[in-house]
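After this come two complexes, each holding chain A, first together with chain B and then together with chain C.
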Partner chain A sequence: MKFDLSILAKHIPFLLEGAWLTLQACALAVIGSLVLGLVVGAMRTSASPLLNRLAAIYIDIFRNIPFIVQLFFFYYGLPEIGIYIDAFTTGVVALSIAGGAFTSDVIRSGILAIDPGVIEAAQVSGLRKITIFRKIILPIALRASVRPLGSVFINLILTSSILSTITLNELTGSAKIVASNTFRPFEVYFVLLVAYAALTYSVSILIGMLHRYLNRHQEEGAV
Partner chain B sequence: MRYGDFTPFDIVLLLQGLGVSLALFVSTTLIGLVIGTAWAVIRFYRVPVLMQAVTFVAELLKNSPVLVQLFLVFFGLPAFLKINVTPTEAALITLSGNSAAFIYVIAVSAIESVGRDQIEAARVFGLTRWQILRRVIAPQATAFAIGPLTGLLVNQLQVTSLISVIGVMDLTKVGNILNLRTLKPFLVWTAVGLLYYLTAKLVTYAGARFEKRLRAHTAWKGL
Partner chain C sequence: MISITGLRKSFGAATVLNGIDLEIRQGEVVSVLGSSGSGKSTLIRCINGLEKIDAGKITVDGFDVSKPRELSEARKRSGTVFQLFNLYPHMTAVQNVALAPIEVLKVPRKQAEAEARELLHSVGLTERADAYPSQLSGGQRQRVGICRALAMKPSYLLLDEVTSALDPEMTSEVLSILAALAKTGTTMVFVTHEIEFARSISSRIAFLDKGQLIADLPTEEFFSATGMALPRVAQFLSKMRKD
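Moving on to the complex of A and B:
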């Protein structure tokens, strides 16, 4: 059989619709996991042993159980306890929770890498705890963890393909439909593979640029 | 008897699923180790053409969802090459390739962690290329790589859960079947999640033990 990509031409709008859904889900999940990661990261580095322990348990559980199992747990489980939400919301929630575990780990190591002297100086200056966290710890920690956060988010994009297993027709889901309509699975999935690689590659370039922009004052020679 | 109830046989079914998951995990890890290390050696010796090809393939495999890779091998290859690919074969090919791509990255940095001066010293002593690789680089690189490798393996264990989508009877697929039969998603997915969790912990523990043994000769023994 010969490799012919032209048959895909008329399915491109449909695939783009799927890609749009993927982007939406990923954008929401990135925000969700960032918020969750900040909260849990703060808990994990807090002085309270209870909060610390809770955060550690959350991270441990969601990092060590496959995403697809978590997804099925939410997708089939939530209606059982009377919560009826659609596949998209379930997917975004599951992605956020799973992503949050990885994000909080990155943020935690960003916070731990801060020079204790900086925090002590802030405490001596009489700043409130919340002010220290918001104005001093967060900016430094986030700036330092742009790159590792980026790789977590790239992983999130790749993981979002799993949402196709709960009937959500995002990029992978719509490619599945196109593959079964055209009977050309090889071409469809090959294009899909390259599309995902191109997407994550451009995201990683953007993250590199963001990292350089945010850390422009840290570079040697900067005054 | 209602068929919706749990039976003692379900435990056997779950363990069977776990066995399939583990068997695929172990075999693809071993194949991935061989291929990934071979790629790293190709890069170490800067073999022309091959080196570029390896870098390209590894990047492509790392930057695309495993689910899409699975679909490409399971649905795409048979249609394209007119061959038969069983779900297990597809899983074996995809997971091995995916593991290889990530192991390649770890192996490259592990090889680079061995100082150039050591290699030069070995060359001065008249050791052959193979002897240097086997006696000088391999032992140190292995000790260096074990840490990141353990992290990777925990991740790869979770990736194996995706093969349930193409119909391999692994732990997740068994969970799916039990879920559809008993309609008790919380119980089923908790049990499945727990089994994955325990396996992941076991991998982490084994990795830590192994690393300790490999690093035993560099550990501080006291005077």
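Moving on to the complex of A and C:
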């Protein structure tokens, strides 16, 4: 059997649909995990022991359970107690929650790395806590976190292939279908491999650009 | 008026400030002198509420800095300039200066930025107003730091060794700005190791020794027989002059 990609031509629209679903799920999960990471990262660095503890528990739990188990719990477990959510929503929520456990850790380190003197300067000038968080802490922490957040997001894209296990025909799911219909797994999975590589590679290039842009005025090596 | 009565501050078992009584009235320039570790920085940090005090009372124009509700009012009335500048690294000079007026005093952005440019102009930074801190020299950064404090039109300026991270040339450019401020009647609490400069601009000298205020004298008295009669002061001055 020779390697022949042209066999896949008529399946391309179907595969593109899957790719589109992957993009949507990942984009939403990136936003979801970032928002969650900001909230939990802030809790993790807050003065309140309760918030701090809650955040630590969340991070511990979701970083120490395989993603597929979390996903099955949400998709197959929750209906048992009367909670039904469709596969796409479940996938996005699960990815966001799992990703949030990692982004919050990144954001926490970003916050802790801020020169305390800078925050003190903001405090003595009379800025309210929430303003200090929004205008000083967050922008500085995010600038420092672009690269590590990028790694988390790339991992999120890779992990999104697991959503195919809950009947979601995203990129991996649709590739499986095409593979079993055409009996050409080699070609199909070769294309899949290239597609994921291209996706994550472009994300990492974007991240690099964003990092350079946001940190264009910082000293070499400074936070 | 900044009024400090019976101030005590400890870090764990170490009492760093013990029974400080000090009043700073409008228009005064009070230099705080004392050897390293005597508690000068801690005193400043208690006045601007960065450290919680263990006993006594500090009020700024009557607002008690130990009461969370009054602290924000107290902070509106004083501005702090830091040794290591502590500028916001992600904001330009103008943005650094205009942030608090916009957020705290609710000055419209355009107006706040115009005023910030004026302030920066007055310290010779007209050309550097849109530069980021990382693009400025130490002396320029500290001038931005001074403008940031002044932008809130504070009644009191608290300065903690604002030139000790600077080389001599930058030090003199910053000191000349402070001298000009002192002349225009800006009230200052000035922690410094620049003895001669302190002597030239202050109306009073407060001398801290191991957390106690052992002298609070008009400048000329401090540097005359009255001050020299205090062994710790005499020792300190002779040591500083040798360095």
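Convention: the second predicted complex is superposed on the first by the 218 of 223 C-alpha atoms of A that agree within 3 Å, B and C clash if a C-alpha of one lies under 4 Å from a C-alpha of the other, contacts with A are read in each partner's own complex, and residues count from 1 in each chain.
Here is the rule we use: a residue touches a chain if its C-beta (ideal position, glycine included) is under 8 Å from a C-beta of that chain, and two chains touch if they have at least 3 such contacts.
Keep in mind that this is a model prediction, so the values were computed, not measured.
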{"item": "Joint occupancy of chain A by chain B and chain C, clash or fit", "value": "fit"}
{"item": "Which of chain B and chain C A:143 touches, first, second, both or neither", "value": "second"}
{"item": "A:54 touches, of chain B and chain C: first, second, both or neither?", "value": "neither"}
{"item": "Superposed model, angle subtended at chain A by chain C and chain B (C-alpha, nearest 10 degrees)", "value": "110"}
{"item": "Partner chain in contact with A:8 - chain B first, chain C second, else both or neither", "value": "neither"}
{"item": "Touching partner for A:161 - first (chain B), second (chain C), both, neither", "value": "first"}
{"item": "Dominant toucher of chain A (residue count), chain B or chain C", "value": "B"}
{"item": "A:127 touches, of chain B and chain C: first, second, both or neither?", "value": "second"}
{"item": "Chain B versus chain C as contact partner of A:176, first or second or both or neither", "value": "first"}
{"item": "First (chain B), second (chain C), both or neither touched by A:73", "value": "first"}
{"item": "First, second, both or neither for A:184, with chain B first and chain C second", "value": "first"}
{"item": "Minimum Cα separation, chain C to chain B, after superposition on A (Å)", "value": "25"}
{"item": "Footprint overlap on chain A, where chain B in one structure and chain C in the other make contact", "value": "none"}
{"item": "Complex interface listing, chain A residues touching chain B", "value": "1, 3, 61, 63-70, 72-73, 76-77, 80, 154, 158-162, 164-165, 172, 175-176, 179, 183-190, 192-194, 196-197, 200-201"}
{"item": "For the chain C and chain A complex, residues of the former touching the latter", "value": "48-50, 72, 75-76, 78-80, 82, 84, 86-90, 99-100, 103-104, 132, 134-135, 148-149, 152"}
{"item": "Contact set on chain A toward chain C in their complex", "value": "115, 117-118, 120-128, 131, 135-136, 139-140, 143, 217-219, 222-223"}
{"item": "Chain B residues within the chain A interface of the complex", "value": "59-60, 63-69, 71-72, 75-77, 79-82, 154, 157-162, 164-165, 172, 175-176, 179, 184-186, 189-190, 192-193, 196-197, 200-201"}
